[in-house]
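Common to both upcoming complexes is subunit A, partnered first by subunit B, then by subunit C.
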Partner chain A sequence: MDDSTKLFLQRFMRRIPSYMLRTTLEKWGRLTAAQQKSIDFTQSKWALTEALLTICEENKLAMKHLIELEMIYIMDNPNQGMWYVLQLLDPEDDAHSVELMQFKEQFKSHLKELVRHVSIKIKNHTDQAVWIRIAWGDAFSRPNHLKPTFGVHYLQTPYVFVTNLTSKQKPLLSQAVVLSTRYQAIKDANLSGRKLTAIRDLLMRKYQQVFPTKYPSPLAENNQTISNPHIVKEQAEPAANRLHMACKAFGGGALPQLQSAVYKLKTKFRDDPNKTMTEREEPFRCVVKFESTNLLESLRHCASSGIASTPVTPLLSCIPLKGRNYFVITDNDSGPSSQTHQPQN
Partner chain B sequence: MERHRNSVTSKSKSYRMSYRSSLGAAASRLGLTPALTGRRLDTRRRAPKSHNITEKVNPEQLALLTKTEWQLSYVTPLYRFRHTQLKSYSGQLSAFIAAGKQQGLAVEVFDPQTAFRVSFSVVQGMTESDDDADTVLIQIHSKPLFARQDEPQKTVWSGLLTCVNANPEYLRSLPEYFICLPLFGSSGAEGLTALVKSWFQQSFDCCFGPLEISHTSLQWLMALWTNCHTESSIQHLKMIWTLPAVPPLQVTYTVNPEDAWELWSSVRKTRDKRGGEEEENCIDIEEVTSFMQGLKSHFYRHFKLDLSAGSLNQVSTALGSAKSSGRMKISNSRYMITTLALLTECALFKMPI
Partner chain C sequence: MEGASTKGVLSHLSLLEVQARSRKTQPQQPSRVKELKAKVEALLTQRDQLRAEIETHKNLKKLRASMDKWCTHEEEEEEEEEEEEEEEEEEEMDEDSENSKLLRLMARHTRLKDLLHAHHVIGGYNVIKTRQGKGMCVSLATAYEGVYLETYNLEIDLKPTVRISRHDVPPFIPLKNLAEQSSVQTDIRTLLDPLSRDLNAFAGRKQQLKLVKELHKSVEVMESNVLCSLLVLMFTVPKEKTLVLCSLDYTDRTRCLPTRVHFKCDDKELPDSPEWKKHRSLLMETPVHKALITMRKMGNIV
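After this line comes the complex of A and B, so read on.
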């Protein structure tokens, strides 16, 4: 095994948590049963790395085998790093009939035409997802396996999720994806997050969206505080309404875990008591960033508890509705505009 | 020691009485009640004058002051603290910390075998009035943990004791031998801060307490900093709010500096120019609250979220940043005096006497 392969394995071993190692190696399937048994998983990472290096040399494994291992790990743990969503536009007539094998071949050949030295690995996952791993090189250097880009495309949808993609690599990947999926263009979907599963669920509406309308009263709280029965009676209907509207905007049940939403506001200042500012022509520029461990739940709670007025403003309900979390708001349209945004890498 | 204690108790009693008489009894927190209660935050302030203190203050000290984020506390007046005795205080504090280290305190900062050095220094050039005591800087130098042999000593802990523009009546009402340096700032390991504070408490019979920066003070800082935009660009006006949702929602609201300035100018009341320059430079609390209200309304118009439901945790501009937990950073030396004056006032206000 050459030095770069060793380095790759060492880096990988540093990254993977110890408790995941056994199952990932089993799934990889490149160790014999005896070898798998011989590894003592209670050792320190350093010792484990040495043991694994020896075994890989015995089996004469090369870089192309190791990247399979990495890919298995990432596919099982996609909720790390920062994922950005791209959306394909204007499908050709045959876009919907693109099959897996066709996509794979086409993507590989298109990308190889664009980039001289590139290493591509494609695997399909259980739920219609095609995982792509790309190690980029250029005209003079071999592919760099230490900084691969990962992409996930769900066939039959126009979405591509990417992580670790630099701004130089983006047009190349975009071109290859567009050509191989038989669409005409691709743009930023203005949605990003740390958890792939969350942004995927948000985008593809794989969570309970409609609140069951037959729910008669606000959900029972866990800690029953002693409250004034008059207040409770008086507030019962407004509270139920707020809850209903909050769930209509965001959905009932568990919500996908988005971490943040950013709004760039370029609208005119309007606060009637302040005449000077209201008459001003220029926009009042500001940026608002909402952050939370689970943003959609926080917003839903704001709406149901009255911190946010209901009906929920379209600016906020746009997040689940349009599946985006970056918006540029100007006065021209009543809702958020769909200007593109370059994700920072 | 015995005599010292007795004289302190009798002095502290008379001190309490004289303080009360000079400023009125009940404390009113809101600052807007009519004049019967004297003890409240100013409702009018002079707009920050930019002080070019870079010429008056030692540049090393100034660098320390502007590059550090200070954790603020208030401290009651110090009995028999003398600016002439700073060298002896350095020695005493050194011994105290060494004894503390022997007992196993503050070992996470520097290991027991490393030598350390304490230095007290006076910062000349910061006082505006003659009544204010000079600012004192305290630094502890040592080799940090895991440092190599040849690495030089670095400052591992810094402290600041200051008093800027304190109410002169209050200062004159203090009994003899009491020095008022109500604002204490610390930066560095918590263990060392605790040691330094206990040394002060033992040596000068004073009390420390945390100084949180209240919502009103944060608003003042916002307004005062924005007011300086024409002289030194604030570059942005950033506010961080926390809303009590489940899970908690953090809102970072950053405003373009020119637009913030325009909004601020629009809420300023027209002033009678005959009052002179002093009158023109005054800022009323109503203007500050209108400014904040304008920002909140603009936010509400878009998101239908009322920021008043939450709490303002942090305000920052290029001139400095302030957090409600009591952490403060003054990045621009030109406005240091005015910011410290506001904080001195907060410290005096919070003192439990």
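After this line comes the complex of A and C, so read on.
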């Protein structure tokens, strides 16, 4: 095994938590049963790394085998790093019949046309997602496996989820994806988050949404505690209304975990007592950022508890409605506009 | 019979003959009377029956009218209120309580039938008015093989223009395209019917995939997509343990059956054999989970 492969394995071992190691190695399947048994998983990480290195050398494993191992780990633990969403636009007529083999071949050939040295690995996951791992090189250097880009795409949907993509690499990946999925263009979806599963569920509408139907299912969080019959809650009806409107805007039950929402304001300053500020012609530029471990849950609670007024302002309710968490607000429109956002890496 | 003795035996005989002949026609008369009497009885009972029916019908109409009046005044009415009103009506009607209970039931029955008919006329969708009549929410239910599956909802603004404001239709169903292609401003069913067809077909294909995974563990699902428009299965032929790769293309998204079935196998002869040709047409015509049962019975797959 050459030095770069060794380094890769060492870095990988540092990254993976010990408790995940056994199952990941089993799934990888490149170790014999005897070898798997011989590893003592209670050792320190350093000792484990050494043990694994020896085994890999015994089996004459190379970089291409190790990147399989890394991919298996990332596919099972996708909720790390920062994921951004790209949206494909204007499908061609045959976009809906693109199937896996076709997509794989087309993507690889298009990307290889654009970048001389690139290492691409595509795998399909059990939940019908296509995972793409790209190690980028350039005209002079070999692909760098230590900083790979991961992309996830569900065929026949317009979304591509990416992580670890620099601004230089972005147009190359975009072009390859557009051509191989038979769409005409791609843009930023202005949605980002640490949890791939959360942003995916938000866009695929896989969480419980509340609609005004005649027989709605009971709201999960509407815990009706048995209260003292002598106590009448004055605010019971308004509280129920607020809860209903909050759930209508954000959803019922468990919500996809977004971590932040950013509003970039380009509006004029409005505060009548403050003459110096309101007299200015130019818009008052400011950025408002909401952060939380579960942003949608927090916003829903704000609305249901009365901190935010109900009916929920479209500025907040458009986060789940449009599936975005980056907005630019100008004076001309009543709601957030759709301007592009450059993901920072 | 004085005449008979004066005229002789022959004339007596001929008289008897005439009597006998006339006797043949005579017996109809008393039974004719019986017949007519029976007919009168029947007509009388029919008249009574019809009178009773008219009476019932009148009472039913009265009940229905009061029911409908109450239902248009208060849209979301409680069961208790309805019964209260009917109790008041009861006093105005027959003393016989059993009759009135029956009438109430019959009135409810006809009302339900009318409601069901109205539901059918609007396409079978559950619709609710929202925002004081300025909007509505349509629920599209999906079902396959008699089992209800997911329900999808569309919240639609009606004023100033008809526009979908919110929905939970997944992104691989081309809702936007369907809305653009329909004349939703004039007839909303031009959007709802194609959408319901697409959603029901999708739900059907998804359910078939689920059933294949549950019922046929020996068949491996190699590939599928979120739209369930593509399915690749791996069969094992029992005797020789050869593997057959079967791809099912569902390019018509409004249908639950594939448009193309293709077999791939190391043994080149196999896909062209008569048995497997039968399998191909079977898979084109029957839902995949059922087709696999047949194929297994025929002994061609494990």
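Remarks
Everything below uses one rule, namely that the second predicted complex is superposed on the first by the 311 of 345 C-alpha atoms of A that agree within 3 Å, B and C clash if a C-alpha of one lies under 4 Å from a C-alpha of the other, contacts with A are read in each partner's own complex, and residues count from 1 in each chain.
The criterion applied here is as follows: a residue touches a chain if its C-beta (ideal position, glycine included) is under 8 Å from a C-beta of that chain, and two chains touch if they have at least 3 such contacts.
Quick caveat, the model's predicted, so the values are computed rather than measured.
After superposition on subunit A, the partners subunit B and subunit C are accommodated together without colliding.
Ranking subunit B and subunit C by residues of subunit A touched puts B first. In the superposition on chain A, no contact is made by A:27 with either subunit B or subunit C.
Of the two partner chains placed around the shared chain by superposition, subunit B is the only one that A:284 touches, whereas subunit C remains out of contact. By the touch criterion defined above, A:168 lies against neither subunit B nor subunit C after alignment on the C-alpha atoms of chain A.
Once chain A of one complex is fitted onto chain A of the other, the partner contacts of A:154 are limited to subunit C, with no touch recorded for subunit B.
Using the contact criterion defined above for the overlaid structures, shared-chain residue A:100 touches subunit C, although it does not reach subunit B. Of the two partner chains placed by superposition, A:116 touches none, neither subunit B nor subunit C.
Of the two partner chains placed around the shared chain by superposition, subunit B is the only one that A:294 touches, whereas subunit C remains out of contact.
Remark: in the superposition on chain A the angle formed at subunit A by the CA centres of subunit B and subunit C amounts to 130 degrees, rounded in steps of 10.
Contacts of A:203 after superposition: subunit C is touched, whereas subunit B is not reached. Between subunit B and subunit C in the chain A overlay, the least Cα distance found is 20 Å.
Overlaid on A, the two complexes show subunit B and subunit C touching no common residue of subunit A.
Those residues of subunit A whose C-beta lies close enough to touch subunit C in the complex are 96-97, 99-100, 124, 128, 154-159, 203-206, 209, 211-214, 321.
Considering their complex, residues 126, 128, 130, 137, 139, 153, 155, 166, 168-172, 174, 223-227, 229-230, 249, 251, 253 of subunit C touch subunit A. Subunit A makes touch with subunit B in their complex at residues 263, 265, 267, 269-271, 274, 276-277, 280, 282-295, 297-299, 301-302, 305, 307-309, 312-313, 315-316, 329. The residues of subunit B lying in touch with subunit A in their complex are 243-256, 259, 262-263, 265-267, 290, 293-294, 297-299, 301-306, 309-310.
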